[in-house]
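I am attaching a structure below and will ask some questions about it afterwards.
Letters A, B and C name the chains as they come in the text, with residue numbers starting at 1 for each one.
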Amino acid sequence: MDSFLAPNDYKSPLKPIWCPGCGDYGVLQALYRALSAVGRPPHEIAFISGIGCSSRIPGYTTAYGFNSVHGRALPIAQGVKLANPDLLVVVAGGDGDGFSIGGGHVPHAIRRNVDLTYLVMDNQVYGLTKGQLSPTSPRGLKTVTSPMGSLEQPINPLLTVLAYGAGFVAQATPADMPGMTTLIEEALRYPGFSFVNIQSPCVTFGEEEQQLRAHKARMKPLSSLGHDPANQLAALDLARAYGTELYTGVFYRNPDPPPTYDALIRHRQAELQRGEPRPRARVLERYLQT
Amino acid sequence: MREDLVVGLAGSGGDGVVSAGESLLGAASSQGFYALMTKSFGSQIRGGESSCRVRLSTRKVLNPGGVLDVAVALNWEDFRRFGAELPVGPDTVLIHEAKAGPPPEDLTPPGQRPRETLAVPLAELAKTAAGTDRAKTSVVLGLISGWFGVPLEALDRGLQKKFSQKGEGLLEANRKALAAGLAHATQRPLATPRSLARPQAPSSKLLCDGNEMCASAAIFSGCQFFGGYPITPSTEVMQILSRELPRHGGVVLQAEDEISGVGASVGASFAGKKAMTATSGPGMSLKTEILGLASIAELPLVLLNVQRGGPSTGLPTKPEQADLLQAAFSAHGDVLRPVLAPTSVEDTFRLTVEAFNLAEKYQTPVVILSDQEIAQRKETVDPIDVSRFEVLERLRPTAEELARGYQRFADTPSGVSPLSHPGMKGGNYLAAGIEHDAKGAPTASGAVHAAMNAKRFRKLDPLQSRDDFFERQGDPDAPLALVSWGSSAGVAREAFGLARARGMRVKLLVPFLLYPVAEPVYREFFASVRRGLVLELSHQGQLYRVLRMYLDVPRDVTSFARSGAQPFRADEVLERLQGLAEAS
Amino acid sequence: MGPIAGFDFERMTLRDALDLAVLIEEEARDRYWEFAEQLATHDTPEVADFFSRMARIEERHRGELLERRRTMFGDAPSSVERRMVFDVEAPAYDDARAFMGVRQALETVLAAEVKAYAFFSEAVPRVKDPELKALFQELRDEEVHHQSLVKAELARCPEKADDSEAYADDPNAQ
């Protein structure tokens, strides 16, 4: 076993492009700490992201990173994990990357239940491209692509992910760093698809009422409400308040996690490979006509 | 005695026409014949019109053939729906269900009649012998045995294969029908006998289609991950691998869509495994963005595109060769990716192995451009000695290189930089779609971008001198040239043989590497050429266009191309060549 | 929820208190380093340098407290974890801004010192042990001292509001 890995062992020399004041700085620090707590060495971690400000995050860690294309981090990450199930696989992106262009991949990643952790930095806006509407923007929000106010109902990422059956769903904010650190660590440790929606405000294009100091005032830990994370129905009910309440903590943790897809595959491979090994050189024999 | 026989059968899906063809194919191959079978059908999932062509020969079969030697029509409506796919000519022996009445007038070109037209009471014979008129295709097999010399025992074994699982009674009944057909034929010899010669030294052969070959070669090459999505006509590759790959420790993921499938494959490649995906035209369009990602991230990937009629949904069950422009050029930015094209079921194995080798060696996506005909036709193949194929692995950093400070995208002289993967200590790097420097850090520097583009292109320079990706036949100084690729090359080879037999000075070029265009090879080939044809199945003549982009193609080398679903015939190519030879 | 999680003030020992104080300085130091890096990357060198200086100052405080801890308790294991400390003396993440001026930076530091002062003030009546009380009083008074230093620097700062935003270019889409 490797010796202790400090949070700074996960910090790469690359300087973030994020604006000073961005919530993602907090997320990054919490991630360093959570990774240190879990203790996997950087070379055994694969960190996959899409496109967006928050998707730059893999490059700021010393893990193997893959900053891929918009909306496709989840499929790529599943390929990584299935090719090498011993890796710790983390996926990150924003609300647009995950729920707009990437939305079609979310249900399948969840129902497949490959063991990975998906961190979404939700700021209700498209920051990298200068402030357009995002799928979690509240109705009526005025942005550069909704100058008269958005006419769309936002998607509810918590409800969506819960409804698709994810086994670990939590929400966090950098306004509560210790809490967020713990949640990320728990998500990393959860055996299966785990999801943390992180309300990480955009200091340049986000609304004033959505900045971190506002979070501090508004946030309500689910534990203070007496919520039992094993209760999926209660979790769904609480998740409906996304947009009005800022609940932090674990919405749902499956008390009896089912086997992960990668574990099932491993099991099946082991079964199939019992008995006579089939050398690749004889692969055409089945087609021989005698 | 004939060395070669082309049999075409048509009826309704419920008649078991294709099964009969398969029995014939199986019988022929077990007797040491070379054989090839294609199928064609209507758009219903079952019960539409159904047909097949089986070509048997004592020599290697190069293509499905042209005008039928033997045509079998169980009814005229279904037979006619296939039009030019089942051409009947003055040399054809036309066998038909007697009850269907005489052949329609327009079955043959005006002024031509089939050599013999034989009305056979198929349904009646079946009813009498087997107790049901459904056994009529077994009667047909008996007729073929009697009139054309296909050995009965072989056909009998085919029946066993088909019916033994379906109840003993059925097998017996169909055997009787087979015997009845044979008896009918024996009692009514053909006016012009045309029995098949027996193969001289019959040997065991493989019998499979292009998709099976590709899947097998992928396993052989050490592919460990397949991510894909069902699409006609490539789905079989995923199906075969989903059964076989886990036995070799690999994973097959039927993803939620085409993009996710190739995305997962790219992820697996990033994780250090040989990875592949398979699709057809529409899927390739969807996968384009991820292919660009793999190119800039310099990750190995094999993509099989089994071309079908396009554009868009096009003709899902018909072959066409119109995805070359997409395979080579479909990318934003400057991207160079190799495109390989098999010409037969046989060379699908070798070229799939080569595709994996190129992908791993040059850390790039490689497209295998097959087509519906090659992928789904059953072909006998002489056993392949796989030991002669080298299987290459990606260049990985040494322990020393990792200790010294590893740079994933170091600008090496060859352009290929050692590729690490998660799990490898000291090899940590950021793979990205964004432009990056030698360490992998994102950059927008023009100078670095230029150097990186140069690196990504330079690493493929050795492909310019890969002679082994080109088949050349004929007099190197011949002034008349025939160039072809993919399934059309099979027709070109036959036409070339016929042309040479007639004393024409002609040479043949079949490229297996379509892109990048190996300019030195083409320049040498075209040096002596005054006239010629580039034969391919697409409206635009896509290879011809690509060659014109990169080379000075001799002015009188022209494109002989047409839209898919109407494969070329050797005789029409020969005619064109003759015209060109006479003109000079 | 207060800035210290999972720790019982009533049961705190002197050793714990010193360890906590060290971590508080450490958190502040790290946050100032982060701000320094962020602002250096975002071309605000004057304030980047300022935050570097603040980080070094916090490191010095930390060093002094650590020395005391070592003298009194050697290398005895600590019961206090870094994750128990959150934004005690460290400025909040969203206090940084691109193009921020020195005045704004000083105000950020001042706010952090005021926060820390409030924390230590609250801690004083909650602890029973006289040595602990003395320690927290000392730390509280330190904050007063720091605040006066910062206020003095602020006084030397030009009075006008920071107008760097007005001169800066619009954000760039990537």
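As a convention for this text, a residue touches a chain if its C-beta (ideal position, glycine included) is under 8 Å from a C-beta of that chain, and two chains touch if they have at least 3 such contacts.
Quick caveat: nothing in here was measured; it's all calculated off a predicted structure.
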Comparing each chain's Cα average against the average over all protein Cα atoms, the nearest is chain A
The chain pair with the larger count of contacting C-beta pairs, comparing A-B against A-C, is A-B
Between the Cα centroids of subunit B and subunit C the separation in whole angstrom comes to 70
Averaging C-alpha coordinates per chain, one finds the centres of subunit A and subunit B separated by a number of Å equal to 43
Here the gap between subunit A and subunit C, centre to centre from mean Cα coordinates and rounded to Å, is 31
Multi-chain contacts in subunit C, i.e. residues touching at least two other chains, fall at none
Per the touch rule above, subunit A residues touching subunit C in the complex are 15-23, 25-26, 29, 33, 128-131, 174, 176-178, 181-182, 201, 203-205, 211-213, 216, 221
Given the complex, residues on subunit A that touch subunit B span 14, 41-46, 48, 51, 56, 58-59, 62-69, 72, 74-84, 86-87, 104-105, 107-108, 265, 268-269, 272-273, 278, 280-281, 283-284, 287-290
Listed in rising order, the residues of subunit C that touch subunit A in the complex are 1, 5, 34-35, 37-42, 44, 82-87, 92-98, 100, 171-174
Counting only contacts in the complex, subunit B reaches subunit A at residues 26, 29-30, 204-208, 212, 216-217, 219-220, 222, 224-225, 227, 246-249, 251, 253, 255-257, 259-261, 263-273, 275, 289-290, 293, 297, 349, 380, 383-384, 386-387, 420-434, 440-442
